[in-house]
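These notes open a run of structures that come right after.
Across the two complexes that follow, chain A remains constant while its partner is chain B and subsequently chain C.
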Partner chain A sequence: MPKCTINGKEVEVKEGTSIIEAMQVSGDRIAHYCWHPGLSVAGVCRLCVVEIEGNPRVQIACNTMVTEGMKINNTSEKVKDTVKWGLDFHLINHPLDCPICDQAGECGLQDQYMEYGKYDPEMAEAKVKKHKVVDLGPTVVLDSERCILCSRCVRFTEEVSKTNELGLFNRGDRTEIGTHDGMPLDNKYSLNTVDICPVGALTSKDFRFRQRVWYLKDGDSVCNGCSTGCNIKVYYNKEGLFRIKPVYNEQVNGHWMCDSGRNAYKFVNREARLLKGIARGTEMAPGAAAKSASEVLKSTSGDAVALVLTAQYTVEEYEAIIKTFVEEFKTKKVFFWINNKETFDSFDGLLSRGDKNPNTKGLLKVMEKYGISATWTDLSAGLANGSIKTVVVAGPENQAVFPEYNEKLKELSKAQNLIWMQAGKNEALTALTGNVWIIPMKTFVEKDGTFINHSGLEQKIKKVTNVVSEALTVTEAALLLSGKNLAMPMMAPFMPTNQRPDQVELEARKKNEFVFRRGSL
Partner chain B sequence: MSVMQNNSEKSKWYLPGVLGGLSVTMKHMVGNLLNRKKMMTLNYPEQMNDYSPRFKGNHVLTVKKDGSLRCTACMLCATNCPAECIKIVAAEHNDPAVEKFPIAYEIDILRCVFCGFCEEACPVDAIRLGPEWQTPALNGGQFIYDINHLAYRPNLKGGIQTHVDDEERHKQGI
Partner chain C sequence: MAEIKVLSEHYHLPEYQTLAGYKAKGGYETLPKAFKMQPQQIIDEVKASGLRGRGGAGFPTGMKWGFLPKNGEPRYLLCNADEGEPGTFKDRMMMERAPHQLIEGMIISAFAIGSHKGYIYVRGEYVYPIDVLNKAIKEAYDAGLLGKNIMGSGFDFDLDVYRGAGAYICGEETGMISSLEGLKGQPKLKPPFPAVQGYLRKPTIVNNVETLAAVTYIIKDGAQAYRKHGTEKSAGTKLFSVSGNVVKPGNYEVPLGYPLIDLINKECGGMKPGRKLKAIIPGGSSAPVLTAEECGKANLDYESLAGLGTMLGSGAVIVMDDSQCMVDMLGVLTHFYAHESCGQCTPCREGTGWLDKILHSILEGRGRLQDIDLLIKVADNMKGKTICALSDAAALPVLSFVTKFRDEFEFYVREGRSKVKGTTYAEMHH
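Let's look at the complex of A and B:
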């Protein structure tokens, strides 16, 4: 365990740690583009320079290991001067098209320019023009002019996705990133290259030009695309969600996430959502629809009631609704709607799993707790002979991974009364007539809860934002279905503490947080 | 913003200033009473007062030489706008040299405070505050200026060209 001194602070690190990693430990800031903790060391950007005592020249921190008693400094004038000139080299051919560039606002080059910028260029030569708007593949667009050749994306395709589509071509200042001939950047992890690009050279076709990043707020969550449960950040504003990016978690996903997980924001947005509840063909508020469905549930007794669950909800919600069914409705007819049992165990070796539900383990755990052993054949038989009259379904949130949705819907709609809870719109569902209740549900970004991933790791998710505020969680729906009322948590009113006792009280109100945040720019 | 304060002894003598101002008013009043033919009046709206060229009136979106919009939809004006009256929707342009352009650019002129921050924030000289100031309308909808009005309204005669041209900038290697 070598000890070193970084900017006067003593830090103890593991054997074989590079200086840049030691600086992450000590919390010192250091400029870096090409170094990425999840990739190999390339040492091409030459910006992470430090001064080591006893060494006449500055060294790069990413490729120098810490040794016992090393005295490292990156705040001296010498280092600052080196970074400044290094940055000048990076900016020689880099266009200043920040108004067009999607990375503006979260660009490393912009940040460094503000800190160390050499504001007067000393180049007499014109910039080298490279290719703009190069279509690399189905998901990514390249702007070679903005590229600073850190080679992070190239190393990503070599080391992580192991697909080797990208390469550096030509020499000197004519070097460009490109795909090998006839090999578009088309793999299941391609959008990670956009994440790790320190400038705006690689941009995602999906997010491109849709929103400036400084209008977005972010919140931590867990991806519900598959049973891996990657840790994510969702970026949203009052118009809805715009993108999803991975968050580092060594236990689960490391630095990466797959492209299909990044689409999870689409079914959360308002245009894809059910907004109004439907009770026997009449539109009403979701809560009212659930309340009206409770009357039917009251009139049908015991084993005539069945519950169908998909593995897309949180443990707490399963707990609440199964408890209601077992204790209030006295039925143990709870069925697990499995979407693709054959491929559940498949795994692509990196992150993506065949089980496209975030919480299969959690559902099985709760079902086991209540001693539920019913199988789908029981349900089919019950529906066929008419012994099951009322079916409550917690339908899929991510409908894309339920290919046999319509068949199952047809089968379940054989029941006399069908109470369907779901977040997203579906034409086949809203076309149903007769005794059908449709209750809009909240999605994973709109509620607190727990997901249990494939390895049994429990991950808490927190509410990020409200997209459809009137929608219900399964917990709330379970209360309403059993005929109870919702207990609304009383928020502490927004009120000054120094109010006179005789003053007329204003109605508690919440300030518009988007307006608040504007000042922080 | 820095606030300047003049704390000198002299600044406490306000009365001479007040009286000086009053004397100008009195001079005009007496002059107008005695010589009504030469009274300074304007028969508005037939006669109009020309404001200084620095006057900040209604917005103009500038155009390039080919007549297309100069704006790149970078949203800096919308970000900087204290009244939050600018709304822009960006889209990808077919021409790779242009790359990004606004498909909608709306200013809610009733909210606008004509502070000129949008003009200052614009990195490409795409928005300016023009000299127009008489802009009545019959209903609220007409106070939301869209691209068509901002860049190509009749009295702009085909649009105002920017002095910053993309192609020229590109040739110079900027």
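Let's look at the complex of A and C:
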């Protein structure tokens, strides 16, 4: 465990730690573009320079290992001057298109300029023109002029996705990234290249030009796209959700997530959602629809009632609804609706799993707790012989991963009474007539709870935002279906009426000198 | 004449290119001797000879071989024949005239380092030398000098020629390894050094053509015989490729430490009639330029030239007389480096292009006086700040040209034409 001194502070790090990693430990800021903790060291942006006592030249921190007693400094004038020049080299051919750049607001180059730049440019020559709006594949667009050739994206396709679509072509200041001949950037993880691009060179076709990032808030959650349970950040505002990005978790997903997981925000948005409950063809509030359905459940209990669950809800929700059915409706006819059973155990070797549910283990755990052993064959038989009269279904939340949805709907609608709890719209469902109740449900970003991933890891999810505030959680629906009432929610903490919850503190504003030097701009 | 032909003694004989011709002059006689030695003895002999890498860096060869890890992993011997530095053409002659000398040197070197596979990485444009080498390798295989159980020694060594696609930076050892691996020729971060992790991530020794060819002589006649030539720290002889405004440009083998001015005046016949020496780049275009006055003090060895702020490099001596415009010369060099930068490290990728643009602004009459200092600032901030030495190679000529011939640059900016030639860039080149 070598000890070193970074900017006067003593830091102890693990053997084999690079200076840049040691600076993450010490909390010292250091400029860098090409270094990424999830990729090999390229050492090409030459910005993470430090002075090491006894060494006449500045060194790059990403490829220099800490040794015992090393004295490191990155605040000296020599380092600042080197970084300033490094930045200059990055900027001489970079277009000044921040106002129309999709990365504005979260661009490494902007950050660096504010830290080390703010001087008159010395370059009087014409900039090198490169290609713009290069269609790299189905998900990503490249603006070569903005690219600072950090090679993170190239290394990602070499080292992580192992698909090798990207390369660096040409030489000198004509160098551009691009795809190898006849090989578009088209892999299940392609959008990670957009995440790791430190500038606005690679942009997501899905997200670009849809929102300025400073109009977005974010919240942490867990992806419900498959049983891996990638940690994610959800970006949203009052207009809805706009994107999902991975959050580092060494145990689960490292730095990455798959492209299909990123699409989860789409079925959460209001336009894809059921907004009103339906009780026997009459529209009403979701809670009222659940209350209405409770009347049917009162009259048919025991083995005449069946519950069908998909594995996309939280452990707490399963606990609530299964307990209700077992203890109050006196039935153990609880069924696990398995989608794509034949690929349930498949795994692509990186993150994506065949089980496209975030909480299969959680559901099975609760079912086991209540001694549930019913199989789908029992349900089919019960529906066929008429012994099962009322069926309550929860899910699916992400209908795209349930390809047999319509067949299952057909089968389940044979019941006398069908109570269906679901978040997203579905034409076949809403077209059903008769004794059908449809109850709009909340999605994974609108509630608290626990998912248990494929390896048995319990991960808490927190409510990020309310998209359909009237929608119910399964827990709330269980209460209402059993004829109980919902408790009043906790009051929000007191806040002066003239202060917005997201209001920026004055101290934070002071850091942005634009606010205070408006006249000089 | 001070030429001492240790390596190039028989280069004038056309038959020396063939196995029979080479053998007739004692070729491959050193191999049996080498096979009787222990590999470590060979390494020690090379160390004792003081042989330093002839590709440019001048690193002690035996010491480099000593860096190989002793872990039993397969290891490779790569011959760096990607001779791309402007002004350098010595390796070409060695490959054309004495391919078997290189092959024999490689077999001995491979035996010393325990390598069973070697490649000669040749600059792609060298079509004729590649042809000669391939023929020689075939002859060597047919004669049992390459392949399995060479000369009954139990030692196996396979050798191939790899034709580069034509990038200057593939002459840098890690860039060459990338290229050989089928990747874009881009240098890699060091450490790890190739001796530890090189071709296919295995221990690899990369030596220049001239270095490997010298190994045969060292093993044949002994380290002390080699040390008779040259200086204490720069032992042996060296091939210098002289180009520019001399009467007899060409390759000359002289002992290290030989006075630069004698090479020009005695071996090369002096300057062209009526012209005066103005400047010399002593070690390939990446070396800082020497003024005529400095040339008088320079000896052709690593230490003397370092003392004058320049370097021996690959031994490419580029001679300029008083008719040369230094602004134009620097424009040519800078354009070359801007074209050849691999594009990997930002200061080199952008800096070489920036230097090129500034110089062409000056040459085309659009220069500003502050551009002269800007050239120095840009070059200063490229020097020593990248993965490989290409950035330095571009920056050092700029710093030396602008510092030593500043008056020519200022004149060009003020007048929009060359101080020496009196003409504009367009007139100079049309």
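Simple rule for what comes next: the second predicted complex is superposed on the first by the 490 of 521 C-alpha atoms of A that agree within 3 Å, B and C clash if a C-alpha of one lies under 4 Å from a C-alpha of the other, contacts with A are read in each partner's own complex, and residues count from 1 in each chain.
To be clear about the criterion, a residue touches a chain if its C-beta (ideal position, glycine included) is under 8 Å from a C-beta of that chain, and two chains touch if they have at least 3 such contacts.
Computed from a predicted structure; not experimentally measured.
Undergrad: Taking chain A as the common reference, can chain B and chain C both be placed on it without clashing, or not? Answer clash or fit.
TA: Chain B and chain C fit side by side in the superposed model.
Undergrad: Between chain B and chain C, which makes contact with more of the residues in chain A?
TA: Tallying touched residues of chain A, the top partner is C.
Undergrad: Determine, under the contact definition given at the top, whether A:Arg208 touches first (chain B), second (chain C), both, or neither.
TA: In the superposed model, A:Arg208 contacts chain B only, not chain C.
Undergrad: Does the superposition put A:Gly43 against chain B (first), chain C (second), both, or neither?
TA: In the superposition, A:Gly43 contacts chain C only.
Undergrad: So in the superposed three-chain picture, is A:Cys98 touching just chain B, just chain C, both, or none of them (first/second/both/neither)?
TA: Only chain B; A:Cys98 stays clear of chain C.
Undergrad: Considering only C-alpha centres, what angle arises at chain A between the directions to chain B and chain C, nearest 10 degrees?
TA: 90
Undergrad: Applying the document's definition of touch, where does A:Lys3 land relative to chain B and chain C: first, second, both, or neither?
TA: neither
Undergrad: Shortest C-alpha to C-alpha distance from chain B to chain C once the two structures are superposed, in angstrom?
TA: 13
Undergrad: For chain A, which residues belong to both interfaces, chain B and chain C?
TA: 125-126
Undergrad: Hey, which residues of chain A end up touching chain B in the complex?
TA: The contact residues of chain A facing chain B are 96-100, 104, 125-127, 129, 132-133, 208-210, 212, 214-215, 521.
Undergrad: Can you list the chain B residues touching chain A in their complex?
TA: Residue positions touching the partner: 72-76, 79, 90-92, 96-97, 99-100, 123-124, 170, 172-174.
Undergrad: Taking the touch rule as given, give the residues of chain A at its contact with chain C in the complex, in rising order.
TA: Those in contact with chain C are residues 41-47, 49, 57-58, 63, 82, 85-86, 88-90, 92-93, 122-126, 128, 148-149, 151, 167-168, 170-175.
Undergrad: In the complex, go through chain C and note every residue touching chain A.
TA: Per the stated touch rule, the residues are 167, 184, 186, 189, 338-347, 349-354, 357-358, 361, 368, 371, 374, 377, 381, 384-387.
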